[in-house]
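Quick one: structure below, then a few questions.
The first chain written gets the first letter, and so on, giving A, B, C, D, E and F; residue counts start at 1 in each chain.
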Amino acid sequence: MPDGFSAGDTAFVLISAALVMLMTPGLAFFYGGMVRVKSTLNMLVMSFIALAIVSVLWVLYGYTLSFGKDAGAGLIGNLDHLGMRGIGLNDLNGSIPVTAFAAFQLMFAVITPALISGAIADRAKFTAWSLFVALWVTVVYFPVAHWVFFSDNGHGGWLVDHLGVIDFAGGTAVHINAGVAGLALCLVLGKRVGFKKDPMRPHSLPLVMLGSGLLWFGWFGFNAGSALAANGVAGMAFMNTQVATAAAMLGWLAYEKLRHGAFTSLGAASGAVAGLVAITPACGSVSMLGAIAIGLIAGAVCAAAISLKYRLGFDDSLDVVGVHAVGGAIGSVLIGLFATGHVGQTAKGLFYGGGFSQLGKQAIGVAVVAVYSFVLSWLLGQAIQKTIGFRVAEEVELAGIDQAEHAETAYDFSAVGASLARALSTPAAAGTAPGAATGGSAGTAPGKVTDKSSEKTEVDAR
Amino acid sequence: MKLITAVVKPHQLESVKDALQAFGVQGLTVTEASGYGRQRGHTEVYRGAEYTVDLVPKVRIEVLVEDADAEEVIEVLVKSARTGRIGDGKVWSVPVDTVVRVRTGERGPDAL
Amino acid sequence: MPDGFSAGDTAFVLISAALVMLMTPGLAFFYGGMVRVKSTLNMLVMSFIALAIVSVLWVLYGYTLSFGKDAGAGLIGNLDHLGMRGIGLNDLNGSIPVTAFAAFQLMFAVITPALISGAIADRAKFTAWSLFVALWVTVVYFPVAHWVFFSDNGHGGWLVDHLGVIDFAGGTAVHINAGVAGLALCLVLGKRVGFKKDPMRPHSLPLVMLGSGLLWFGWFGFNAGSALAANGVAGMAFMNTQVATAAAMLGWLAYEKLRHGAFTSLGAASGAVAGLVAITPACGSVSMLGAIAIGLIAGAVCAAAISLKYRLGFDDSLDVVGVHAVGGAIGSVLIGLFATGHVGQTAKGLFYGGGFSQLGKQAIGVAVVAVYSFVLSWLLGQAIQKTIGFRVAEEVELAGIDQAEHAETAYDFSAVGASLARALSTPAAAGTAPGAATGGSAGTAPGKVTDKSSEKTEVDAR
Amino acid sequence: MPDGFSAGDTAFVLISAALVMLMTPGLAFFYGGMVRVKSTLNMLVMSFIALAIVSVLWVLYGYTLSFGKDAGAGLIGNLDHLGMRGIGLNDLNGSIPVTAFAAFQLMFAVITPALISGAIADRAKFTAWSLFVALWVTVVYFPVAHWVFFSDNGHGGWLVDHLGVIDFAGGTAVHINAGVAGLALCLVLGKRVGFKKDPMRPHSLPLVMLGSGLLWFGWFGFNAGSALAANGVAGMAFMNTQVATAAAMLGWLAYEKLRHGAFTSLGAASGAVAGLVAITPACGSVSMLGAIAIGLIAGAVCAAAISLKYRLGFDDSLDVVGVHAVGGAIGSVLIGLFATGHVGQTAKGLFYGGGFSQLGKQAIGVAVVAVYSFVLSWLLGQAIQKTIGFRVAEEVELAGIDQAEHAETAYDFSAVGASLARALSTPAAAGTAPGAATGGSAGTAPGKVTDKSSEKTEVDAR
Amino acid sequence: MKLITAVVKPHQLESVKDALQAFGVQGLTVTEASGYGRQRGHTEVYRGAEYTVDLVPKVRIEVLVEDADAEEVIEVLVKSARTGRIGDGKVWSVPVDTVVRVRTGERGPDAL
Amino acid sequence: MKLITAVVKPHQLESVKDALQAFGVQGLTVTEASGYGRQRGHTEVYRGAEYTVDLVPKVRIEVLVEDADAEEVIEVLVKSARTGRIGDGKVWSVPVDTVVRVRTGERGPDAL
């Protein structure tokens, strides 16, 4: 390997990339446990499909749009690396192979759209969602990632290199971006049937806790890994991540106890996620005591913020706005207060004698990303809604989207087992389906085919 | 007394509950059930095999009422459970010899 | 970074810290699956709250009490690092940043109290438990960690530096400590209603298996990471961890088959954990064949030990004593037999020509930690029980602690969904709650408020 | 540590080994969610027991058979390292300790037999399965691993060193090997009662998704870790793994939508696994665009291949053949087309000007492993079936294998809880069991013993 | 009309469903139940403690029929549910005052 | 014969089972149910929203008995199910035309 290469840093970033990858399934479980049983699978697959779509687009053109040399003005990368061409096995980015860097950053591009899905739980057509993911990363995420993450000696993205916004691991590019897009989308799709009236309580809180546990775990890769080296900054980012998360859990639980009289497990899980979100931009620039402060604030404020949707009447189903947009903004702005100048960055916050300068930059960064994401996301959502339709029929929503969109149900715990259903057709029997290259023996069809003709004029939407 | 049983769509439970309460019935017992009728089931796909699940989820509601109320309660049930689509279910009534409230040991109409 | 720094070691320890962090959620699932469905969430949250509380305390004073310079006599660290002051970004502990070391050790401090919770499943007030965690780490864990883990050229903790006890990754400080504290607490709280009579069978064995899988995975960080370097010792500790765990699973299953006639999945999961516990102190000083022996013994002995509670009549609900105290003691003492002198430590055990010397030291270490932990834990438990009360009311226990303490139920699989519950009040409607800084529009309250007045004199405890 | 040692590489391989270990529990959940509720635990334990058995055998003789110096002809390792003797703490394999290498390779030996279990879900005696695992790794896996993975300057395993087959991370040794063994075993055991007639739908798709998420995560260790160094090859293998998996999910979903009209969550999970399987041998020799091509092909072809079992009438219950044998073969053979000669290996495929040479070698490698595995697995299966019996009684299968083989049921969600069962005997009461070293107080037996005598002539198999 | 209830082994549900349909009964309602009878339960082991689970899973099938069909439907049920082993269950019949089809409000035999 | 149905608190199931067995009843069928009555439900909190869950878990026990035993069995049920708190539930009795044991085809009292 060439000079400047570090196996230790490479090991760290590659494993971190794996950790960040795990966050997307983790998110799927976090969200999937929170919905009613009838839309569990849809919720899970909305995250998984982001893994599929974004990874392919990343190789085709996402990487080069985000991390290709700046095409001018700090707005977008050039097309030098379309299809990852021109990236040699041993080319370095800092002390690590470019491939390792690309893998790490890919995982950020995957989870960001997945985060949005929580805002439109239970009611989005799966094909429409898939299309949205592809378009959204193209026109929103890839450019914003360039603005925020592509630092190139002052010739990189405009937020990081021109304006000097501090965003260590993605408070703006990931969380505000996704949170605000969630707001736009849930406005486009409208409220769920029964919003504010039916409880819609989580169908499996253990699944939610599993999700939050995996998110927390993976987030060490997200935050500490963003140092792109296994060094003191990574160590500090790691500690800050842990303690801010811990403090945010306490903040959320305290708020909840005062307000609703109970410490809930969902509050513990949600508080942790709020803390992880808030410390994401800040973990490379604040002290551990600062991280505790940021966590406490984020926990309590997000716990309060999630009730906005009931006041203002938008159905952000799983609180993407209240947790990611609000939490991301808190963390990004508080850098302007708590940045010590001695961790990973030299800019100082208000409390450390840096005056209002950094605070102002942070606020601008937040605002710019929020506005850009909102406008574009809303336009994309509308375009899809007006063309192929984004929202499922009310009947489908009532009966459960899993059945209609995925032809599956999440669980079958009945001891009755086999008896509640019967084989309609096995693949061999379906030999006449279009595109099937079945050999001769379609006649051996074993499945019982139930009589679908008589009277089946309507579907029982329950 | 009568035992009135209604097998209805799960989504109608709340409307049924509200209607019964408005009528003055103070208690009921609910069981999850599944039903097979004209509405047929739906198809599910697992790894390249299709199945029809022909038992559709229902709730089964039992209400004990005085003889005099039976007809009206049946009316209330039928109305509040109706969506007009197939699969709306059935309501039936069965004669009851005696009812006891467990807590107090009261018998008959007093026990309702 | 300064001389002596190793990016490879730092990468290894940071990722190991993440793995150890994951063990606490893993433990939550392991325990959570084992309780009845009505106390699932309480069990989960007892572990999660340890993550929150201990992380904050660690930064405030835990790190310095455990790893600050010895204050004298090897009993406790000094206060040099209160609030983590005086720890520079690039300060090293061996070849890794102090922050990385602090993060790694923090995770040990988190899981140790979490382990205790299994002994008092289904019946502990959540606030009382939270208070206990905070007090217990302060007066028990932080000092004991100093005794066992703070090695400082003979001027560190008294067990490691004066007496010469070998505890590679925490057989005494973590497992015996927690196991014995579990015994003390379950004596303080008393038996569950229905102990020895009701089956109290695990509500979800797949959740238990998930927990054991995550524990096993994370334990590589715990044990191999304790080498604090990615080297041959770490490699050996890793292999020993794997094979002892494997052997313990076989040992437990064999015992169970002979005794009860069946190989159970819970036995497989429990045996694995017993093996992980037992090899923890020993993985840096024994050969792989020695690790197999330790695993086999620990698996079979722990399988037998868990029935002690029925004989002696203490309700150690999830077998913290039988697995962690007993397993930890087995592993710690067997070092005195199996230490080869050629792995990470030079002291030899009886079977390798070291005589009884190390065996004696190990026995003393076990006894000291056990006695200290038992006495302090019992006193803390009693103090809490006598003041704010530690145990919930019998009615709450019967109805399920999740509902009473957390206002939640773990699962809602009913197709009935929305209909079984109804919105009582959404946050906007709850605007009059104390401490709520709600703006004007409380009048828009949308939730249906059910009539709570008439006749609601009692609660239905089922 | 000696010269040539790299802490970075060691950190990478050790953590990778931990990731690969997690794949086996991940597989357990992937499979466990797919079976009916009555055989969940059996499915889980079939994987966990592989962790136990193979780890111990690896130390005893597996490592030396696979990675001991070649005993001649490239067929098997010698016995130099029986019981891991002769392996010093600081001995190196390349740049990492031999212990780290041994740990990494052990995890491959564990998961391979576990993969087979899916083919015989719901119907294999647990002791028979355990015996099969022990025998199979001995006569099939250890030799084949030697052929494929033991490269020693031309004096290693015959497939890798003599023939020149490329198998970066185990397409032949792991996936084809296991897939074909699954075919052999399901032929030996026969079809499940109700095959092709009862739906046998997955009892928990969230559990399946969890499994696939953990598999995906762990697979980065499997594939990138196979570089045995944290370098550019590892980075490339990592990216290839991610994008092939993503593309395969798309390929599977597209096939499914066209063929059955729905995008299923099980399809997403299965497609991902098919992609992971196919890229395993190829991730060190193809470009990212090549990886996308391989993924797309593997996803669609495997989606089609799983219906073979219905046509041909073998009950490969969870599609081990369709996914692992077919996917492994696709990946192995496509190397012959897509190898660029510039990634980890210099041999070029047909599309990169290498002619048919590599393609031929790959085909031979696939065929040799497939035939060897099929024949040996079938013989082992038959031998067990004819002696101790491999398949459970039909009654047991109908009632559920969990109850009969493990005396457990996977879930108990009933609010009824304690009341549905009653304590039959606690361990103290069971004091008269054979081999029990119970002390005096057996008379204090607390459990209620139900009357088992009257009329209990038959068992209710439901 | 009669309400015929059958408590049978879960595995017999499909055979029962088929037999009823062959006979001409178009609807039924199924509930998961557990039963306690002569068949006793089974033993489970958890961490060194043995328990007997004495309630065995059953399904409870309800069919509303005209008086005239009652006997025959009982026969059909009994035959299609029988395995000959203990635990096969019970079938019983109860008089019904009235039945209503929720969707249409039809009454009596027409409502079946 | 009579069909006696009891809707009781889940925790009383074991005591009911024991009492019935002591009395000589050898079989019963249990279903999980939820009930709505005077006892009201409880409040749950999810992410800043409170809900009242007003259906409380119950078990529904069915016992087929001879006419002569009906009164006594009702007594046994009521006594063994009682805790004296609200929510204790109801017991009721319904006339049965006929009972068949599936395994043997026996009819009437012999089938119990």
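List of remarks:
One rule holds in what follows: a residue touches a chain if its C-beta (ideal position, glycine included) is under 8 Å from a C-beta of that chain, and two chains touch if they have at least 3 such contacts.
What you see is a predicted model, and the numbers here were worked out from it, not measured in a lab.
The chains in contact with subunit A and with subunit E alike are B, C, D, F.
Minimum number of contact steps separating subunit C from subunit E: 1. Comparing the contact residues of subunit B and subunit F by number shows a mostly separate set, under half of all numbers used being common to the two copies.
Comparing chain pairs E-F and C-D, the larger number of C-beta contacts belongs to C-D. Put simply, the C-alpha centre of subunit A and that of subunit B have 43 angstrom between them. If you average the Cα atoms of subunit B and of subunit E, the two centres end up 18 Å apart. Between the Cα centres of subunit D and subunit F there is a gap of 48 Å. Residues of subunit C in contact with at least two other chains: 6-9, 11-12, 15, 199, 201-202, 204, 210, 214, 259-262, 264, 266, 306-307, 310, 407-409, 411, 413-415, 417-423, 426-427, 430, 447, 462.
Contact with two or more other chains is made by residues 10-11, 17, 30-32, 34, 38, 44-46, 48-51, 53, 55, 57, 85-87, 94-95 of subunit E.
Across the complex, subunit C meets subunit E through its residues 199, 201-202, 256, 259-262, 264, 266-267, 270, 303, 306-307, 310, 319. Of all the residues in subunit B, the ones that touch subunit A in their complex are 9-11, 34, 38-46, 48-57, 85-87. Within the complex formed with subunit D, the subunit C residues making contact are 6-9, 11-12, 15-16, 19, 36-38, 194, 196-206, 209-210, 212-214, 216-217, 220-221, 224, 229-236, 238-239, 242-243, 245-247, 249-250, 253, 258-266, 268-269, 271-272, 287-289, 292, 304, 306-307, 310-311, 342-343, 411, 413, 462.
Against subunit F, the residues of subunit E that register as touching in their complex are 2, 6-8, 31-38, 55, 58, 60, 70, 74, 77-78, 81-95. The touching residues of subunit A, counted against subunit D in their complex, run 1, 5-12, 14-15, 17-18, 21-22, 25-26, 28-29, 32, 40-41, 44-45, 48-49, 51-56, 58-59, 83-84, 88-91, 96-100, 102-103, 106, 126-127, 204, 207, 210, 214, 405-415, 417-419, 421-423, 426-430, 433-436, 438-439, 441, 444, 446-448.
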